[in-house]
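Look for chain A in each of the two complexes below; its partner is chain B in the first and chain C in the second.
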Partner chain A sequence: MDPLRAQQLAAELEVDMMADMYNRMTQACHRKCVPPHYKDAELSKGESVCLDRCVAKYLEVHERMGKKLTELSLQDEELLKRMQQGTGTT
Partner chain B sequence: MVERAMESCAFKAALACVGGFVLGGAFGVFTAGIDTNVGFDPKDPYRTPTAKEVLKDMGQRGISYAKNFAIVGAMFSCTECVVESYRGKSDWKNSVISGCITGGAIGFRAGLKAGVIGCGGFAAFSAAIDYYLR
Partner chain C sequence: MEPGAEHQQQLRSLRDFLLVYNRMTELCFRHCVCNLNYRLLTGREETCLDACAGKLVRSNHRLMSAYVALMPSIMQRRVADYETSVAQGSAQEGPAAPAALPGAGAHGAPLDLPAAPGPDGPLQGAPGAGTSHG
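So, the complex of A and B:
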């Protein structure tokens, strides 16, 4: 597969991931912060503060999980490489 | 950005202060008209007070009530906004808590018992107003 096609695929995957994350985040924070009473069309102070905090926490969790995941997958990759080298020499 | 400034606690407190000042002034002038004790002369108890005396009394009463209402309004609005920002929710408990804080702060100057009574009274008043408004 040529590198341009690979880059395109990676970019598409990234866009899909971001869109999915946005949808999930909107759903989760709306469920958590906006109680279904709807007496007023505008967000009250408490609700907007809650939404700010919810989004910040969600993005931070997403970032940390991503880092942890790449760390673990790197470890797995190294282990696999060592095993392959071991079977290659014997 | 203007909306963010308008949603801030400081702006809300300032708005409540100005509103309280106006309302207190009107209330004070009105009360001066009802509960008058101006221009009483022990030598001539049936003397009608002059317009100047009446107006001066109305003005003094109005300013005094206006200042009190402005301070109470600003305190209540500020504490309610801070409590709401801390909790991250907007329900009836915010007004009750901030009513207790405001009433307690006002009453505490006259002793601990007055502070507790002030807290309870103002909290109940806030809860009633909140119940009516929601």
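So, the complex of A and C:
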């Protein structure tokens, strides 16, 4: 596979994952903010405001999780390097 | 490994990592974020999210280690069972051509599962990701 094609696939993958994230966010916020009563088709003010805040929070959580994942992965990599160096010197 | 196959493997790892990332976000958000009176995260929510992230990553590592430890013996058993059934079948039918071993993918398990611990898998596609240490 040439690098350009690999890059293209990686970009498509990222788009897919963003779409997946969006779907999960929609589901989660709907569950939190819109109680399943359905008396009225219109969104109430409370529900609208809740959804706005929910999206803002979800995106912040997403960013936070990303940083945490990277941090923990780097810690693992450090640990692995140290272990490998330790076995190398003995 | 050929560069093409390596790219495929890297893409697969990246895909796994991103899926885990999305699932983590959803799970931790659902559990930790209860107060939608504010736009920003509260201190309590932040603490909960940090704990949730750490716990999920570590449990993922542990699951991976356990899977890698157990899967080879299960696959070996499956292969042995299949070979036995093929041998029995060909003994009954006579000198018929034995069927080729079907891909383990028919049973839903990946063929390229490495026997040794420390495969590329979820969370390995992260930039500078390490392997599980159990």
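As a working rule, the second predicted complex is superposed on the first by the 72 of 90 C-alpha atoms of A that agree within 3 Å, B and C clash if a C-alpha of one lies under 4 Å from a C-alpha of the other, contacts with A are read in each partner's own complex, and residues count from 1 in each chain.
Quick note on the criterion: contacts are C-beta pairs under 8 Å (C-beta built on N, C-alpha and C of every residue); 3 or more make two chains touch, one makes a residue touch a chain.
Remember, it's a predicted structure, so these values are computed and weren't measured experimentally.
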First (chain B), second (chain C), both or neither touched by A:K39: first
Which superposed partner A:A28 touches (first chain B, second chain C, both, neither): second
In the superposition, chain B vs chain C on chain A residues touched: C
First, second, both or neither for A:L72, with chain B first and chain C second: second
Contacts of A:R53 with chain B and chain C, given as first, second, both or neither: both
Which superposed partner A:A11 touches (first chain B, second chain C, both, neither): neither
First (chain B), second (chain C), both or neither touched by A:A19: neither
Residues of chain A contacting chain B in one complex and chain C in the other: 33, 50, 53
Interface residues, chain A side, partner chain C - complex: 1, 3, 6, 9-10, 13-14, 17, 20-21, 24-25, 27-28, 31-33, 50, 52-54, 56-58, 60-62, 64-66, 68-70, 72-80, 83
Of chain B, residues touching chain A in the complex: 7, 9, 81, 84-85, 87-91, 94, 134
Contact footprint of chain A on chain C as seen in their complex: 3-4, 7-8, 10-11, 14-15, 18-19, 21-26, 28-30, 32-33, 36-41, 46, 49-50, 53-54, 57, 61, 123, 126-133
Parts of chain A lying in touch with chain B, wherever the complex brings them together: 33, 35, 39, 44-50, 53
